[in-house]
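All remarks here apply to the structure that follows.
For reference, chains read A, B, C and D in written order, and residue numbers begin at 1 within each chain.
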Amino acid sequence: MASSSKARVPAFNDPDLDKMKRTLVTACRILDREGITDGYGHVSARVPGTTSFLTIANVSPGLASVDRLIMMDCDGAYLGGAETPPNEWPIHARVLKVRPDVMSVCHTHSVWSTLFSVLPIKLRPLHQYGKFLPADGLPVYEAAGLVRTVERGDALAAALGRGPAVLMRAHGDTVVGDSIEQAVHRSVRLARVGELLHLALLHGEPRYLSAEELETFSADERFPARGWEYYVSRLGKRG
Amino acid sequence: MASSSKARVPAFNDPDLDKMKRTLVTACRILDREGITDGYGHVSARVPGTTSFLTIANVSPGLASVDRLIMMDCDGAYLGGAETPPNEWPIHARVLKVRPDVMSVCHTHSVWSTLFSVLPIKLRPLHQYGKFLPADGLPVYEAAGLVRTVERGDALAAALGRGPAVLMRAHGDTVVGDSIEQAVHRSVRLARVGELLHLALLHGEPRYLSAEELETFSADERFPARGWEYYVSRLGKRG
Amino acid sequence: MASSSKARVPAFNDPDLDKMKRTLVTACRILDREGITDGYGHVSARVPGTTSFLTIANVSPGLASVDRLIMMDCDGAYLGGAETPPNEWPIHARVLKVRPDVMSVCHTHSVWSTLFSVLPIKLRPLHQYGKFLPADGLPVYEAAGLVRTVERGDALAAALGRGPAVLMRAHGDTVVGDSIEQAVHRSVRLARVGELLHLALLHGEPRYLSAEELETFSADERFPARGWEYYVSRLGKRG
Amino acid sequence: MASSSKARVPAFNDPDLDKMKRTLVTACRILDREGITDGYGHVSARVPGTTSFLTIANVSPGLASVDRLIMMDCDGAYLGGAETPPNEWPIHARVLKVRPDVMSVCHTHSVWSTLFSVLPIKLRPLHQYGKFLPADGLPVYEAAGLVRTVERGDALAAALGRGPAVLMRAHGDTVVGDSIEQAVHRSVRLARVGELLHLALLHGEPRYLSAEELETFSADERFPARGWEYYVSRLGKRG
């Protein structure tokens, strides 16, 4: 488990965290700009080598700023920064606790994730943007309501399992990545896949991507730098 | 009834009303910005302790300003401010008259409310944003046409009953709250719930939120400050 | 017929036409801003008391300016202004010729009008915004292709008949009004009605407005001043 | 074949290419602005009389600039400009190689093209904007995944055949034209046709344009100058 490899946790104001903080603020703003969250999503990033993480305080992602970041550990202890944690900090804490491979977690209220969370239909990949998704579709965390307790966070993490994302019934999704950029890129693309699946299902059974096809894609999930540059370029423009 | 607890009604220009006026103008602009009204919705706010209220004159909510507010009582008497009442002032007057718990009323032309107003399908909560809605769905005020008479206002208030909102056939909705912020927040969220329900119904029977689940949410409807901050931040940007 | 009441036609540069020209330019820009045309719609306005009219030259409505207006008569004679008539001038010329009650004609490429033009389903009013529409729905001009000849213009005018609007198969619509403002307002509202009808039909048979209900509305179609003010306010902002 | 008529290929910095470069940059930005690509489409233009072409380097089309253009030949040789070719340069190279009539190629991720690429339904013209399309619909390149090899480029070109466009399964489309402007115009219009077909199919069998009707349109595909002016005018405004 990740806890066995805990490095010293730097102070919240350690300059070593500056770049991560700026990237986290940008990530929050991208989710807002790309229309897959509203006033209520959030992004977190693991302090490398630790089970501590940075996330935004109880504020809308579109209003994120370095001053409104907070540092916590996976059990919810306050480690610095803005004093009000987001209501749903256990989403981040408990996923990061049991997934040492995960460096960043996005929680969004994407309409497409929310849609498939209330349908008896799996969100499966049929667009190449879904190449990071399992061929048999995403799991759904069934309990409605906010994830404000460690117990709920643990249940969400269990539903996520080893996968890239989990839908949250009547609520949205949680998406993980090996970097902030990858988690954001996956979140945006999950919305695009969900939208396409919705559209396609209205006309009958679409052609999904098979497990074999997805395997041939696996080397391809390497564009976050280009995607990131694009998302950043859109932050100054409304659309 | 509210009329038994009438306080002295302040003059329209009483500085005590300044904050409420500014909030009301902001509320109108939020409904416009969030795309749930067009040139024809309005918001009202009760003067505390009275059956009088402030609303916008006969002008589009996106063009609201303090100069274009009007004060009226629940029987339609003019009490100050801009001289042209909105055509549908009885919506506000008659709901505020019989619902002393209500401090603010929003009337929007949301496409999602209008959609469910013409369908034989109830708008029921299936998204956590609908936690303020009754599990068995919203009533519909069946009479088509503008609500320009006291009689129609009374009929609308009767259709609303003790609930949080009523759909208006071929027209839109009326939503109430215990503050301007809550009424606006509910109006925006009602649109999101209606949109999700529309999308979900295209794929079969969705999983609604049960009465039991809604009850566990009840303590949660407390975010208007954060939602409000977010909506306000979007007013300067077109999207 | 209108031709029997021909007044003297003023010169294109007659200052008496200045206000009409400015309104026409604004009308073109509103159709563009409201998203119901793209690079290819147009608006015309009758010179009062004549069978001549002003419209925009062969340019996108979003790029309209007084310098790019043209004056023509109903038989296509050039009477002044920009020298290149719009390709589809016969739409305007031939409708204005046989409908002396009409002062303005809008031709848009609204996706909703185009949709119902290719479906075996009538675009009927089910939203109060459709109160100017016939209860049994709009006619469709069946010939695909641009209306670039007098013959086609006459056929379109015949399909329109005495009504407020006609859909054009695979193409869009033509909407008339007793003022520029009314024709624009109706064009925008026709799009809203078409959108709602599309959405509602996906869920079964909606409740349409009956002929009796529409009759009670008839006195209500009087808001262009307020609608117009709203549309104009949006011209400076992208959304 | 085109290779038999190879002219001398000018140097990348030859001033004769300046206008083409600027048009190509504009074309990329238009595809982004019109919402039919995201961070991953591209446009190319043949150097007249050669089998060489200009396209954008590995950068989002919305971020195109003259500095980020690259010149290549149809076999992938680097001929100047930015050093990183787009991953999918074989799309352009291999289509231009076998289609001497084609002067420009657009590759987009239009949601509507992607939709019909995963459905057992042909994207056929039912809107006059589809007048450049075959009456029996567009072919689909069935292999999922990026087109990063000459072999895949050749297979895509074979699927395109002599036609105006080919859908790419789980991916998007490739559209060709006899000028940059025409290829862009067709790309935008293909999206509009696909959107309308999607909407219409939800209501049953729409009326398609027949081969005879399409033939009468053929002289009409001549508007790129006006369409281009419109698209350019929108580049400075977000919408």
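We take it that contacts are C-beta pairs under 8 Å (C-beta built on N, C-alpha and C of every residue); 3 or more make two chains touch, one makes a residue touch a chain.
On a predicted model such as this, the values are computed, not experimentally measured, just so you know.
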Interface residue identity across copies subunit C, subunit D - same or different by half: different
Maximum centroid distance from subunit C, chain identifier (CA atoms): A
Inter-chain centre distance, subunit B versus subunit D - centres from mean C-alpha coordinates, in Å: 47
Between subunit D and subunit A, distance of the C-alpha-averaged centres to the nearest whole Å: 34
Multi-partner residues of subunit D (at least 2 other chains): 202, 238-239
Partner subunit A, residues of subunit B touching it in the complex: 126-128, 192, 195-196, 199-200, 202-204, 206-209, 213, 216-217, 220, 223, 226-227, 229-231, 233-234, 237-239
Contacting residues of subunit C [partner subunit D, same complex]: 38-40, 58-60, 62-63, 111, 114-115, 118-121, 144-146, 169-171, 198, 201-202, 238-239
